[in-house]
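Below you'll find a set of structures to go through.
Below are two complexes that have chain A in common, paired first with chain B and then with chain C.
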Partner chain A sequence: MTKYILKRVGGIIVTMFLVSIFVFMIIRLIPGEPARLMLGDKATPEMIETITKQYGLDKSYFEQYMIWMKGVLHGDFGNSQRTGMPVMYEIGLRYGKTVRLALYAITWSVIAGTIIGIWSGTRAGKWQDYTGITVSVLGQAVPDFWLGMMAIMILCVKLHLFPIIPDGTFRGMVLPAFTLGAYMMSTVARFMRSSVIEALKEDYTRTARAKGLKERTVIYKHVLRNSVIPVITIIGMQLGVMLGGAVLVESVFGYSGIGLLLLDSIKYRDYTTLQMLILIISFHVVAINLLVDLLYAVVNPEIRYD
Partner chain B sequence: MKKLLSVVLSIVMIFALAACGGGEGGNASVTDGVSENANITILDYAEMSTLNPIDIGTESDQVPVFMLYDPLVKLGADQEYIWMLAKDCDMSDDGLEYTFHLREGISFSDGTPWNADAAKANLDMMADQSNGFKSQFVYECIDHVDVVDDYTVKVTLKYVSAPFLNTLAIQSAAMMSPTLIEQGKQAMATTPIGTGQYVLNERRVGEYVKLDLNRDWWGYDADICGGTPILEKDYGFNSITIRPVSEESTRVALLQSGEADLAISLTPNNKKMLEESGYGVVTKQGASMSYFYLNCQKDVFKDIRVRQAISMAIDIDALNEVVYGNEYTRAESPLTSSMKFFEKQEPIEYNPEKAKKLLEEAGYGDGLTLVCWEENDTTDIQRGEFIQQQLEQIGITLKIYPQEGGFLTDNVNAYSGAPKDTEFDCYIRGYGADTIDADEMIGRFATAQFPPLGGNYSFYSNEEFDKWIDIGGKSIDDEVRQEAYSKAQKIFWDDVPAVSLLSYAYTAAFNEHIDGVDFGCAGGLYLMNAKYVE
Partner chain C sequence: MEDKNILEVKNLCTYFFTDRGVVKAVDGLDFDLEEGSVLGIVGESGSGKSVTSLAIMDLLRGTTGKVVEGEIWFQGRNLVELSEEERRMIRGKDISMIFQEPMTSLNPTIKVGEQVAEVIRLHQGASKQEAMERTIEILKETGLPRVESMAKEYPFQLSGGQRQRVMIAMALACRPKILIADEPTTALDVTIQAQILELMKELQKKSGTSIIFITHSLGVVAEMCDKVLVMYCSKAVETGDVNTIFLEPKHPYTQGLLASIPKIGSQADRLDSIPGNVPNPKHMPSGCKFAPRCAFADERCGQEEPPFFDYGNGHKCRCWLCEKDFKG
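Up next is the complex of A and B:
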């Protein structure tokens, strides 16, 4: 097990190295002289020179990359070109907020998705199943953006039940978390449903029933345990999608997380912040994948990583 | 029994709570001047990137500046000068020396006194181009600054610059405390120390900036202001919270739900909807205009008939309606009507028949293909397509290449070879005059201003025009300038080096609690004459 983890961590380091090169280059390939983009149409040549020197933009790409990487490895991520403040300060202010939003969204969507999935799966072909399918298809078909906007119009503007901009309270988090989790909920429900239907056909289910176990025990002890594995994989994969969704949801609710920062960095060509954000987001996706793989072993002890 | 007791206790508690709440409300407005209830929330479309006035790069950066800071002089709604930290100014006859007499008895929010040393510290920083602040290029003309006495400071320019006083009236000329300047760039960006009507309460990056009223602001004090205060005591707000909300529909929803009091940057549809449901709406023209530049160095545009034909073939009113919902104003001169020295010109008649005839006379009866560059924002593309369709009717095929803004600026400036060999024949883009002065807006069409040195994207070269621009830019006498720019506008209008299209408007919607919302000449939100309505 330890050997496996070490191997995977090594893999993450290599992946992150490649991602860093990719991110660095792709940002440099965006046309336009960065100093001019920062200072605007009317900047004097003297100002452009100052900024070019200040950000080391006159050096070769290789040198620029080495300087950046050296900084990153020493914990210095440079200053934001938009605000002049350290990038880690800007990201640090918002990171916790996005994590909080994502955690709320994951929690409700996984719980709701699992319940709907089991409900539909165990009653395949009945009205409960069709209700479940309708809910999950709707959740996937409706765009986050629209869902959030409708929630705002009805629940905030008309009924005054929630504040539009999250104010730090739990009540404020309800709508953004609901909007962000809708897609994940549907995905989990669909996979859970088919997984349950598969498991119900398996020999061990028949054996369990033949032993005379209660239907409830059969479902929760045998069926659920086995059908949960593919769902975990899906949750892991969906987390990356969720980070993308956070950009939209944060924008609709004016919630200042890293999704909104990403959007602003692109809009104002804040390259130092942008490259760091992409790096951090990629790291999360890779790390979450590792976590998910390790979770398999916990859920199903039959899986061994030696 | 227990049950009964708990019900009784609950009722008692509810009443007690209600009484507390009522008490708070009742005591609130017992103060001199602005009521303590006068708290408003403003929604902007983007977040400010800095609180450092000299480093502002976007409209959002401008919003809090004149709340926290005062400049030497401000521009009023009709471009008149309102003297702020300076009482007045003497100009030398050669236009190179400006002597400012400063108001006495004012101090910054950190207690540092406002005097000639403080003014010099600011002006020196603005002039030193090696600082690399985003807005300081307009102060490139300052040569040096001398302290004459405690409350007099003299600025000497490198060359005569007619818009100089205007440049001291815009946000980037806000006066900071010298102690703040000493603390350096990061302090300037985060901890504003000014003489303004408001002081910073709290900034939560990404969320909001909250400003509190400075009840001892010097502008309320008749003695310091020399008799009449800048503002009566009941103007202003107890606190102003500025929130960035990038999504327009969310801004509208926040206004409707009562979570905010004022929203800026709204599209015509939303503006109309809010107006119909009883919200106040303000729309004001700024100092920006869109132009259809024609490269006059190209053989095809050397013939004035071709330029005239193009100007007659574009139905600008229809463009305004189709693309901008009639929100903008049709150009009546290359200057916006909000600018000083603006003179209305004879409207160019929309007449495709006549345009066709002119093209035939010029030898292009069989058609003409032109390459056009523009920015790739949605409405910019729509504008380009509209013009493309209009020109097609007179046999001109416009090949449009939309490009990302910064990239486009680079490309236009980085042409190689002679101006007549640029890859583009025409160029559609807006231009905003930071100095709100005719010298910047129309003066950039002088021969000396060919890109990359200036903004003459038409590569227009006309000796007579150059002469008047030179006179206007080098004079500080308004009569002389009026004549010069009157002549220059006429020449430009007849010669059509660029078709002046539409001047931009700025929009805000607000609820019944605010009165007196306005925009400054350059388009920034101007709340100086606003107050709270209970």
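Up next is the complex of A and C:
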């Protein structure tokens, strides 16, 4: 087990190195000069040159990359070209907010998705099943931003149930978290449903019934343990998608997390902030995948001992 | 003799209602299980053996199958009329079952010991610790090695034979009155088969449990059973003592089955087999179901279904050929 974890951590380091190169290059392919965007239309060529020099943008890409990496490895992420503040500070200000949003979204969507999936799967072909399928297809088909805008329009503007701009209270979190989790909820529900239907057909389910166990025990002990295994993989894969969704949801709700910071950084060609943000997000995706794989081993005994 | 029967099945009809029509998997089956005896149900695949056992266990839920007619008498109660809850209380406690596929019949995510202990807690109200102690005891009875550590392992860590022993332990955990074994050795290696059969015989002798042994192997029947019920196309065609059936089979199908057992020392170039296939349940022949494959069939066999002819002493046969024995 320890060997396995060490191997995976090594893999993460290699992945992060490749991601950093890729991110660095791709950002510099976006058209637009950072210094000009920073200074505005009235900037003189001298001013632009000064700024370009100050941020080392006149050096070769290789040198720029080396400077950046050296800083990152020493814990210095550089200063934002947009605000002049340290990138670490800018991200630190918003990181917690996005984590909070994502945690709320994951929590509700995984719980609701699991419940709907079990509900549908154990009543396959009945009206409850069709209701479940309808909800989950809707959740997957409706885009995040549209769902968010509709929620704001109806629930905030018309009915005044929630604050329009998230104000840091729990009530303010409800709609952004709802919107962000909708897709995940649907995915979990659909996979859970088919997984439950599969497990119900298995021989071990028949054995459990033959023991005289209550149907409840059959489902929540014997069926569920087996049907969560594939769903966990799906959740892990969807978490990356969810981080992307956070950018959209944060901009729809004006929620100042790292998603919104990412958007602003793109607008102003804030290379230092942008490359660091993407690097951090990639790191989360990779780390979450490792966590999910470890969790997978916890629920699936066959993997644990191999 | 009548009151010694622990289970009486009368005119059992189990149909499957599929999109393409009704399939009569079991159609008017009668049999008795004498207390303490072993009844073998023999027949080809699709003859309705397994469905019969599922009907007795009330495990047809989740399939399209349903008991549409008939009675299943057990301890003075007709099981067919009981509620779902009442039948659940009987399952695993008074009547339990072993399945054909030991590789998939145990839950892969639950420790072996817990899977056995669960039944004991459920039906005997034992505490967690008592149940585990009983589990270890029962697992030892089935001849498993290093039981204490094995109880903490998962099914994938056990071999097929070991898993089937766990299944047997699970089925016998509550000392059931009846054990239904649905081809318990079919999926196992021949040497393991013999061991499992030996174990079942031994445990049966010790506990006096009555057994319904479902198999397609007459060799297993000869080894295990007191009485035999031969099924063909959802009906019983012949029943009797194991000796009678083996020595004086009356039904051409039973004779065919016996002839198709290869004999050691015989010089036959070919194995005897019954020509043809089991008819499609959707296109059942109208008279005797076996007539299309029967060497002795005449016109009447294709039109009229023969009744049971009773030779006495439990030997009955459903064939027109038997009629002459009774006309004198």
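Just so it is clear, the second predicted complex is superposed on the first by the 295 of 306 C-alpha atoms of A that agree within 3 Å, B and C clash if a C-alpha of one lies under 4 Å from a C-alpha of the other, contacts with A are read in each partner's own complex, and residues count from 1 in each chain.
The rule is short, and it goes like this: contacts are C-beta pairs under 8 Å (C-beta built on N, C-alpha and C of every residue); 3 or more make two chains touch, one makes a residue touch a chain.
Small disclaimer: the values here were computed from a predicted structure and weren't measured.
Chemist: Is A:225 contacted by the first partner chain B, the second partner chain C, both or neither?
Modeler: So A:225 only meets chain C here.
Chemist: Thinking of the overlay built on chain A, is A:29 touched by chain B (first), by chain C (second), by both, or by neither?
Modeler: Neither partner.
Chemist: Of the two partner chains, chain B (first) and chain C (second), which one does A:82 touch, if any: first, second, both, or neither?
Modeler: A:82 sits against chain B, while chain C stays out of touch.
Chemist: Just chain B (first), just chain C (second), both, or neither: which does A:206 touch?
Modeler: second
Chemist: Please work out whether A:300 is in contact with chain B alone, chain C alone, both, or neither, and reply first, second, both or neither.
Modeler: Second partner only.
Chemist: Which partner does A:214 contact after superposing on A: first (chain B), second (chain C), both, neither?
Modeler: The answer is second: A:214 touches chain C but not chain B.
Chemist: Check the contacts made with chain A and report whether chain B or chain C touches more of its residues.
Modeler: B
Chemist: Contacts for A:260 in the overlay, against chain B (first) and chain C (second): which applies, first, second, both or neither?
Modeler: In the superposition, A:260 contacts chain B only.
Chemist: In the superposed arrangement, what residues of chain A touch both chain B and chain C?
Modeler: In chain A, no position sits in both the chain B and chain C interfaces.
Chemist: For a test of understanding, state which residues of chain B touch chain A in their complex under the given definition.
Modeler: 46-47, 49-50, 55, 57-58, 129-134, 136-137, 140, 185-186, 189-190, 204-207, 243-247, 249-250, 253-254, 256-257, 259, 404, 406-407, 409-410, 434, 455
Chemist: Quick check on the complex: what are the chain C residues that touch chain A?
Modeler: 57, 59, 61-62, 88-93, 96-97, 99, 101, 104-110, 118-119, 122-123, 154, 156-157, 167, 170
Chemist: Taking the complex as given, what residues does chain A use to touch chain C?
Modeler: Residues of chain A touching chain C: 200-204, 206-214, 221-222, 225-226, 229, 299-302, 305.
Chemist: What part of chain A is in contact with chain B in the complex they form?
Modeler: 31-33, 36-44, 46-47, 50-51, 54, 82-85, 90, 93-94, 149, 152-153, 156-157, 160, 163-165, 251-254, 256-257, 260-261, 263-264, 267-269
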